[in-house]
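You will see two complexes here that share chain A, one where it goes with chain B and one where it goes with chain C.
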Partner chain A sequence: MSANHEDSESSQTAMTSKPSASSLPPPEKPNAIQTRFGVVAAFWAVILFLGFPIWWKTTSIYRAELPIQEMLDWAGGKSCRPVFPLEIRFDTPSLPDLEAQQLLRITQHTLDDLNEFSAHHLRLKLADEEAQQATEKADTALTVRLLAQDDLSSPRSLLDADTTTLDVFYPPSQIPPPSSSISPLSSYIAGELQRLFAEEKAIMAHILSNNAMGANVNTPQSPNSQAQQQISPQLAESITRRLRRSMKYAETYHLAFSLFTPGSAPSSWDIESAVQAYISPLVQVLSPISNFTIDTQVQLYASFSPTTPPPEYDETQQVWTLKEENLSAFINAAEWPLNPSIGSGPTINFILYVPAPSQSPLLVNEGKATSWIIPQWGGVFILNPPSIPTSESTKGNPPHLPANALTPAFLTFSHQLLSLLGTPQTPTSLPLRLQTLIRIRAATLLLSASSTMGSLARLTESLPSIPIPATVASSVSATLSHLSSACDSLRQGRFMAALASARVAETEAERSFFEKSMVGQMYFPDEHKVAVYLPLLGPIGVPLVLGLVKEIRRVVVGWKARRG
Partner chain B sequence: MSPYFGLLRALPFLFFLFFAVRVSSEHTSNWAVLVATSRFWFNYRHLANVLSLYRTVKRLGIPDSQIILMLPDDMACNPRNAFPGTVYSNADRAVDLYGDNIEVDYRGYEVTVENFIRLLTDRLDEDVPRSKRLGSDAGSNVLVYMTGHGGDQFLKFQDAEEIGAWDLADAFGQMWEKKRYHELLFMIDTCQANTMYTHFYSPNIIATGSSELDQSSYSHHADNDVGVAVIDRWTYYVLEFLENRVTSANSKQTLGDLFDSYDETKIHSNPGVRWDLFPGGEQEGRLRTVVDFFGNVQSVEVEKTDADESGSLKEDLVELARLVEKWRTISQDYAAAGNDSLQQDNERAPSSYEVKRRNLGPVKLAEETPWEKRLIGLSILGACAAIWFTGSALTGSMT
Partner chain C sequence: MPVDRRKAAVFGGALALRLLLLLLFPSLPDLLTGRVEVSTPVTSFKRLQEGLFLYNRNASPYDGGVFHQAPLLLPIFSLLPNAQEYPFPTALFYSLVDLLNASALVTISDSAQAVSGRLYSSVRKQIKWDGVVVAAWFLFNPFTIATCLGRSTAVFTTTGILYALSAAVQGQNLNSMLALGFASYLSIYPALLFIPLVLLCYDRRAQRSNITPSTALFVVKHFAVFLLSIAGLLGISLLIIGDLFALISATYGFQLLVPDLTPNIGLWWYFFIEIFDSFRDFFLGVFWLHLTAYAGSLTVRLRRQPLFVVTSLLGIFAVFKPYPSISDASLYFALLPLYRHIFPLMRYTFFSVSALLYASLLGPAFYHLWIYAGSGNANFFYAITLVWSLGLSLVIADTIFAALRDEWEQENPDQRGRPVKQV
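Let's look at the complex of A and B:
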């Protein structure tokens, strides 16, 4: 309607001013100018107050606030100094209190003199003394029972293999007199204790020294070179080898027991009772450290891979032998179904291989061994069952393996499981070794969770375009609080509690680092941004900007005209 | 005085560094990530490249569980394939690369930039199976091989997207931060391949590519019966080296030998090698053996039953037998103590080592109530309707 009106008007003016300037349009009406101004202003208002905030909101990356400095402190070892005060209880049924305390004091003194690795030390306590302070009780690492025995000339000790008790038998004459500061009995006990925990100490020193946290912590107070000096190179070598062999920590391990045989027999085994008898007890005692699931399978007609050198027949001993250097090719990784993707944890494989009757007995060349460990993977045991005659004078494997035939295999598997989990080799008492494992795990988890925190902090700073969701922040704070509670528990000598906290810390730390929304194609070069925005914004932008420029020019011109 | 003092204080630390370096010079496992990034029949050669590498690393001992193979297309089952079910990388068709023993971890449209980066950084859903994860750790040597169509600082994935050299560098950077590799060998065969590793910044990486900036990488030869080129030049000559000179997993051929075998007159482009991220630089890096990356760690520990050292198998067996015995008496005690405790024991004991097999009902996936979302949707709809009504009312009043 108004356009029509304008049209007719412009044609009129065009007609009237025809000779002078046909190209000049008529002056706009003020209300048309007003309308155009309104339109341009409305568009720009929408762009500025709606479009721009929406663009800003939708393209900005959410980055939750993380306690970067605190995280870096943990990784750098500034927040926690891992210490391992082992509490050792003295049980002195035959000694009067005063003398017992005297003995304790001297022994403690001797121990402190012997110890040069300050992060790991032994604290002695009398049994009844401990009973009084029931609160905040530390885990007792070892109980030393002092038993007087008359017919002895020098003290001797006996480590009970089933419990965490060290029996020390001593001649009564060696009880130190109240005034003395040194006694053969106390130095004997101190020496024994030192020996018992030597390997654990070496492992701890190794773990701490290979980590920024441990290194930082130990350099000022007790230069680790001293601690290292105490460790013989032989022991250090075996520790490195063992740590390299053991599995990476996981919350859950899957134990997979597999029976492989090249023929059709044996096709069944008493696996359930074997697992119940040999693996369950072990899993039970390992339950504070990790969870375990157990799977089993029987695979018949399992052949070696074609590239594996076949076993050779040894005429002199009438056995088939495998060369040690060929063992790594023994597992036919391509064809044996050994990688069940069960859940999220790693699988530890235990393989029971029953050779064909024509190749039985099968042994490993050197040392006539029948089992070996594959580092970070599992173990293999070769079982040579007594062959039974089948129909036509040929020998065959028994169709069923009873529980008693599985005994050596499963004892070996238990041993391999312990090795693969990184259990130390000394002392001879299994409960003591498991306690040591708990301390080792607590230490490694504490260190690895701390270093993950450091990694996450550095990642956050180095990649400004990576999103950090709120769940990461909450996981980080959970990690930090559990780390500090683990550290406190360690200081108080409550290692089980420390391990429990450290496990939570590790899980949360892993969760925060591997948060799956923290991906994206993070880097866009500038030319990419131009390429994304230009096709969209170019066609829209040109009229908008030009309109704005024209309006501004009109306003400025009008304003100047009014002033001038 | 004070500098000496500082030196003294630093000594133990230096000792550690030395110790740490000495310890960490060995790796404990090997992983391979082999990626082809292009689809469609005429890119047959890229898949053949990757499958040849796959076959080589398997031959040298890396098990399937430690190889991540990404194939964006299935050439063996392509209707244009004159030899169905097979893939060859040579016109003589001597070796069927597809064979009957191949485990493709990511296939088809799963091969994306996002999945690749997620794989490297392990930012995957919890329910992603282990076969699709890179489970490497601080002791793992990782081989990353990529091939496809690329350009200056990018590599195209599936004709739809591309990975930039920056993203790749950041992914490796994150892997290093989380200790997901010990040493990494990065190989890439694409046009302008050497530009892909220019942005790397994390240590312990050796990178090599097939061609320089503004150079194309060419295919080696075509098989007239297959009808397309079957392998790229650079990969062909790398494979030739691996097949002829790295014949066993104990081979002593070094990376230096491999890179010296590059012949630019044959490859028709200038392959590049980047050493500067590797500690010790070129000198040290050249000494790494090829099987450090293409083979698997070859170590087993035979347990001798007759050894008498402490912690040996024999001693352990005695202890374990004792533990078993003890366990038996304990469970007998439980049995004696009465049914109650027995039941408790039964309930408690299995839970720690067995996955409980329960029949779970369907579970709600989302925690949030749908009502909020419905309300939001309703209010948006209402607002739109209101705008429409006011708009039509306004136009009505104006007319």
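Let's look at the complex of A and C:
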């Protein structure tokens, strides 16, 4: 492409300077020199007045200003110390005010002595005291109702399974005298409370200790090890296992209920009523944490994959058994249409398997179980329906599974769903466990959004050549503001609000980190620019630069000659 | 006025040849219309049909992102019967446009501006072809015939440019600017011809009236006419389309930003397929500047022969345009015979002609290997387009060299015929 230019330049030199040595050509005329100067000037004018602005405009990288230090502070845990002050209300209908306050003070004292993990602590309040300060109301984690009962020798407690109420029955004699600083009743209550929240505390400690932010928070006051010490190794072990089993947090989960059977029956099930009865209420209460969609399907003639070891017949108990070690091969992933994902977000699969009549009843070898969880994937339930005689000798499955036949399966499924979402197993009250789940989620989201911010900050610092679009900057500022509001909510004990803010922060953080236009240039180091510019611009540039140099030299020589 | 029998024979023969080809091979136009060498995204007749269909149904022709040509073509073509059912009228129309172009060429040639202008007169001015021969070179050039049968809308740009030149050599400066405005309106790049063309107009004016007007004033006045003609055409287009932004972005935006990388005989498509996305804008700028840079410098160097500058620029456009086709080459080859007198001074005639023949024969074959047979890849076709561009640039460089040599010999009559050594 520069051939033409080069040629015109060189032919011009050929004619205007010295073409042959034998006889000198006539000297260059001044207007020829002027013309050459004009040509060079014309090329360079285009380069200077059009080329450079275009180069500047098209290759400059837009980098929006990011609050790098603030982002790093969040990731390092300097901006926020996640604390979980759980508010516990004392309902003391039978006690006079003064005594109740005394009891409260002592119990609080005992609790504080017991608690070594400062980030997670219990704050006791009297019910009527609560009513006075209506502003800045924190979520009440638990209500303790103190009820006097005469025929008791020692206090007794009862946790209501459906509400967040702990009833404590005590013999009236154990009310602490106003002057004492210790009483058996307050120790008892403190112990009970400690026990109720032991698992949650362990999970929190686990989450915080696995993260730079949490670790930083804990070191100055109560070192991690101390918090961990409180937790028995078995509990820590089971928490780790459970966390590994549960799904990664997502904004939306898809629940897929599938009925698989190797034959032609059952071909229908009362799925709608079963979902209505067992799953919808759960989804309802989980709605602050995530969104859920529900899909169902029925698959007939679903066979095991050929590599799966078939169930064995146990003569002694007259049942078919699956070996526990073979359960991982139970799902025929190649043939069963279990969508890996419906839309965005992970799918949680629940499989109801009805074995063929010839293999019924089918149980899992150890312990005669009929269901199991597949970590981070879903759950399976084997339903052995009562077989009905179809003809003289063969047994057949019922063609329809009524709602009552599905009850055990869906109870199991709802339990599996809670486990898969990472709900703790204690205490027995479901509302309490859900509250715990909210706090856990708020903490994990807060930590993960913060660490995403840190990664983004480090990324933009280490790669000065990646562009940062304005959308990223706005996402980052949204993340930071939601993070701090989540942190404030946590400090005030308003965990629902904290979770809502943390969810927004997490979404925004992910959006800013995975911005598409940034990724494109991440793998494009500066050295490669030579390879981009040189092949084309080199050949074009050399004659242009040489022409310019020649012209400048001519001008300088002429100038010197005139002076000298 | 006596009828020029030679001219009538050439024109009649050319018309008959085109219609005969259509009659003998009825599928030929459709075949050529689909060829990438003939049809580019900005000149394709197929895309014009699509735009026409939308236009006739009162939809914006630019909906669907297929049609990228000037909107004024639409009312013209909607007057013609459907080319699918009645191919004859359209073919006749295109053939007549070709004859018009040829007659403009005859005018240019008869003015003898190519051999002697105001500032310069070649020492070889007796060696020249007359207008009919030049027209015959144009009309019987296979590239021209293929473009005509392939119904590429580039022929209208050709008409605009040739009429701008013919008006300029006749001293009709206003018409010249209007014609150039029409060509630039159809496809932007002819606007780059403004500088040499306005100098040609200036020279003609100075030659005729003996009073030389002020150069700057003359250029500014003509530039205003040029801009006004484009603005007027855009204004009429606005009546057809209504949405100025959609119009500009679908036509000029498309030609400037080169989003469609369908293979063609140019150099851009392959480069922009391969370039990293983040450098795309920069290299778009580089490629366009490269195209622009020649206009100024060639005009400075060959100030005395503005018509030759236009010719050479057309050659350069045929190589370095974003969407070149053989119609651009045919326009360049149409103007080259005007310079019969410098042919003896060219040095690589054989090599460049063979390269062009080689490329035009192997190009379709390699394209077939890549797209249809699947036994080649994109590099096959790109390699052949490189050869084609090399051949064309050799011709351009060689003619520029010959023209400069001619100038030099005129200045130094005693050095005539001496060998030149390149340093």
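To be clear about the criterion, the second predicted complex is superposed on the first by the 503 of 564 C-alpha atoms of A that agree within 3 Å, B and C clash if a C-alpha of one lies under 4 Å from a C-alpha of the other, contacts with A are read in each partner's own complex, and residues count from 1 in each chain.
Everything below uses one rule, namely that a contact is a pair of C-beta atoms (placed from the backbone, for glycine too) under 8 Å apart; a residue touches a chain by one contact, two chains touch by 3 or more.
No experiment lies behind these values; they were computed from the predicted model shown.
Participant: With the two complexes superposed on chain A, say which partner A:Ile54 touches: chain B (first), chain C (second), both, or neither.
Facilitator: Second partner only.
Participant: Scan A:Ala369 for contacts with chain B and chain C and give back first, second, both or neither.
Facilitator: In the superposed model, A:Ala369 contacts chain B only, not chain C.
Participant: Name the contact category of A:Val283: first (chain B only), second (chain C only), both, or neither.
Facilitator: first
Participant: Touching A:Ala42, do we find chain B (first), chain C (second), both, or neither?
Facilitator: second
Participant: Is A:Pro543 in contact with chain B, with chain C, with both, or with neither (first, second, both, neither)?
Facilitator: neither
Participant: Going by the contact rule stated at the top, is it chain B or chain C that touches a larger number of residues on chain A?
Facilitator: The partner that reaches more residues of chain A in the superposed model: B.
Participant: Kindly classify A:Pro93 by the partners it touches after superposition: chain B alone (first), chain C alone (second), both, or neither?
Facilitator: neither
Participant: Check chain A for residues that touch chain B in one structure and chain C in the other, and list them.
Facilitator: Of chain A, residues 520-521 contact chain B in one complex and chain C in the other.
Participant: Once bound in the complex, which stretches of chain B touch chain A?
Facilitator: Listed in rising order, the residues of chain B that touch chain A are 9, 11-13, 15-16, 19-20, 23, 26, 28-29, 58-59, 61, 63-65, 101, 113-114, 117-118, 121-126, 129-131, 135, 137, 139, 161, 163-164, 166-167, 170, 173-174, 177-179, 249, 296-307, 310-313, 315-317, 319-324, 326-328, 349, 352-355.
Participant: Which of the residues in chain A end up touching chain B in this complex?
Facilitator: Contacts found on chain A: 161-162, 209-210, 215, 219, 223-225, 228, 240, 244-245, 248, 277-285, 287, 291-294, 307, 324, 327-329, 331, 333-335, 338-339, 341, 343-344, 346-347, 364, 366-376, 408, 411-412, 414-416, 418, 424-426, 428-430, 451-452, 455, 458-459, 462-463, 513-516, 518-523, 525.
Participant: Okay, in this complex, where on chain C does chain A touch?
Facilitator: Residues in contact with chain A: 267, 275-279, 281-286, 289-290, 292-294, 296-301, 303, 316, 319-320, 389-390, 393-394, 396-397, 400-401, 404-405, 408, 411-412, 415, 418-423.
Participant: Chain C touches which residues of chain A in the complex?
Facilitator: 1, 3-5, 7-8, 10-15, 17-20, 25-26, 29, 35, 38-39, 41-43, 45-47, 50-51, 54-55, 57-59, 467, 520-521, 524, 532, 536-537, 540
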